[in-house]
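Look at the two complexes coming up: subunit A is in both, with subunit B in one and subunit C in the other.
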Partner chain A sequence: MRDQIRQVLSEHARLPVDVATLDDQDDLFRAGMTSHASVNVMLGLEEAFDIEFPEAMLRKATFESVAAIETALIHLRSVTA
Partner chain B sequence: MTVVRAEMLEIVTHVADEFAAPNADDVDRRARFPVETIEGLKAAGVLGALVPTELGGMGATMSEAGDAIAALSRRCSSSAMILAMHHLQVACLAAHGRNQILRAFLAEVADRQLLLASATTEVGVGGQLRTSKCALEVTGHRFGLEKQAGVISYGAHADAILATCRRDPDAPPSDQVLVLCTPPGLALEQTTEWDTLGFRGTCSPGFVLRAEGDLDQVLTDPFGEVAAATMLPVSHVLWAFVWLGLASSALAKARQFVQAEARKNPGTTPAGATRLAELVVVHQQLEWMVRAAAERFDHRAPGEDQSMGFALSFNSLKVAASTLVVDVVTRALGICGMAGYSQRSPFAMGRLLRDAHGAALMVNNDRILGDNAQLLLIYKES
Partner chain C sequence: MTPDDPCVGVDLVDIAEVARSVQHFGDRYLRRVFTDHEIACCQGPPEVAAGSLAARFAAKEATIKVLRPDGVRPDWRTIEVVRLPSGACKLRLRGSAARLAVERGLGPFTLSMTHEAGLAAAVVVSGSASGYDGTPTMERHHD
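Take a look at the complex of A and B:
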């Protein structure tokens, strides 16, 4: 799952650094992800994982690191399964 | 002299009548700082309205601060915009500056009635709030900063300035912090002139800002959080109160005009009366929306201010209020006719109309709609 998340980030996060250089816990916004880019990341994740982020999860904290995104995706799968 | 919250509206209304009203046209004509009005507000303790009570301020709500701003704007919208922008800086500090130095500074704002300004725009970046070129240069526990600020409203008259910048020279453009710049570690060099169609009294030219200070003058939260939770919603709410006061001033002129016509011919409804009834409908849309927005901010749930729905709402408020204010003033001009078109009649609408047109441009509505368009690609209603 983390590889797939990193794939979406490399396509849409428009980071000034290679996603591979970031740890799972590193803050993506600190690394240069803008709020516009984060919307594209959300769209990319929805498409890649065939899910929809509900309003309650549409906040910065949900998308601030690879690990945070993974937690969110696991939570979403558990509630929709 | 310290005022309590309950008296703020009355006191600001007094300052508006006493100082803002007689100087508003001169402030506008000469594009000069409304020094009498701001001194009046300082003498009355109004600059501490949003400073928390435990730090010696009034701890006012956004609704209370907004009502006072609207009352001032009925007399001089430039003065009201300055007060709104000052309150905005205080709100950012109060919510996101949690260390000892910043708390002590807030207490000083209330005690010494310091006027705070903002340097968020930057040459080469334009009005993109969430992007900075300049960066903090950190040495030990000190910082240095040089910023080419495209606009600093009343910069030359401010006692301190909050500036956005990158966290350090290696940080990406979006990794920003907000830093409090204070004398003696603050120097401004004016680079452009402020000679605009409206809001001329805000005196907002460009400056090179040079600052140095203690690292604790950097606000605790990253600027992204400050912007989402406080700077964007509060600026849109308080600006909207400025526009509401301006619109109320135009409405009052139109009403007086129609009533004067009615008194000349009792029994005959003046031609403008129906237009006035329509104008009141539009004005009420603005007034009720602005008050509801302030209430929503005052009663926000913990954490709600980082949500997309919150950002969408307060962005929509800005676009709607800035559009309605032009509609109100234009309708009022139509009712007053040539008396409104004249620069010398008591119904003169010129300054109000010019000021009203600034609303859609100061942070362009297209930029705000663009932000909302992005959010709406992903937003779902709860």
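Take a look at the complex of A and C:
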């Protein structure tokens, strides 16, 4: 799952650094992800994982790291399964 | 800061990024971020539409900075840029954004947007008037 998340980030996060150089816990916003890029990341994740983020999950913390995104996706899958 | 101090939010958006989002995600991007009214106001050649959309996105983010949500941030569509018949643009808050404004004692909101040289920017200023209900100020004056 983390590889797929990283793929989405490399396509949509528009980071000034290579996603591969970031640790799973590194803060993506501090790494240069803008709020608009985070929208694209959200849409890219929805496309890649066939899910939809509800408004209750639209918080900065949901998209702040690879690990946080993984946690959110696991949660979403558990409630929609 | 005292409760009567105005709150200011500013945001800057790369217009090419918005154009890219429209091209890649199409309607899914537009419908997730913008209201029907905003989409209707941003028609035209792709580069022109992207500039208008980018300014509206900047307005939404600038408003978020004024609202300062602790956790869940309001859906982008609950913060709407309303174009009045005069051509002036005002903010209208609904749902979670309007509730947050009431909780924080913020409003009415004043908006200024611009786009040029590949960038769009917006500034939002809020007073702390009680009784604010999310309605654009100029529309209220027309009541």
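Methods note: the second predicted complex is superposed on the first by the 81 of 81 C-alpha atoms of A that agree within 3 Å, B and C clash if a C-alpha of one lies under 4 Å from a C-alpha of the other, contacts with A are read in each partner's own complex, and residues count from 1 in each chain.
We adopt the following convention: a contact is a pair of C-beta atoms (placed from the backbone, for glycine too) under 8 Å apart; a residue touches a chain by one contact, two chains touch by 3 or more.
Just so it is clear, the structure is predicted and the values come from calculations on it, not from any experiment.
Undergrad: More subunit A residues touched by subunit B or by subunit C?
TA: After superposing on chain A, more of subunit A is contacted by B.
Undergrad: Does the superposition put A:His36 against subunit B (first), subunit C (second), both, or neither?
TA: So A:His36 meets both subunit B and subunit C here.
Undergrad: When the two structures are overlaid on chain A, which partner does A:Ile74 contact: first (subunit B), second (subunit C), both, or neither?
TA: neither
Undergrad: With the two complexes superposed on chain A, say which partner A:Leu58 touches: subunit B (first), subunit C (second), both, or neither.
TA: After superposition on chain A, A:Leu58 lies in contact with both partners, subunit B and subunit C.
Undergrad: Once the structures are superposed on A, label A:Pro16 by its partner contacts, choosing first (subunit B), second (subunit C), both or neither.
TA: First partner only.
Undergrad: Tell me which partner A:Met1 touches in the superposition: subunit B (first), subunit C (second), both or neither.
TA: In the superposition, A:Met1 touches no partner, neither subunit B nor subunit C.
Undergrad: What is the shared patch of subunit A, the residues that subunit B and subunit C both contact?
TA: 34-36, 39, 43, 55-56, 58-61
Undergrad: Show me the residue ranges of subunit C that touch subunit A in the complex, using the header's touch definition.
TA: Where subunit C meets subunit A, its residues are 11, 13-14, 17-18, 21, 24-25, 28-29, 32-33, 57, 61, 64, 69, 71-76, 96.
Undergrad: Within their complex, state which residues of subunit B touch subunit A.
TA: Residues of subunit B touching subunit A: 130-131, 167, 171-175, 222, 224-225, 228, 303, 306-309, 371, 374-375, 377-382.
Undergrad: Report the residues of subunit A in contact with subunit B in the complex, numbered from low to high.
TA: Within the complex, subunit A contacts subunit B at residues 15-16, 29-36, 39, 42-43, 46, 52-56, 58-61.
Undergrad: Going by the contact rule set out above, which residues of subunit A touch subunit C in the complex?
TA: These residues of subunit A touch subunit C: 14, 34-37, 39-40, 43, 47, 55-61.
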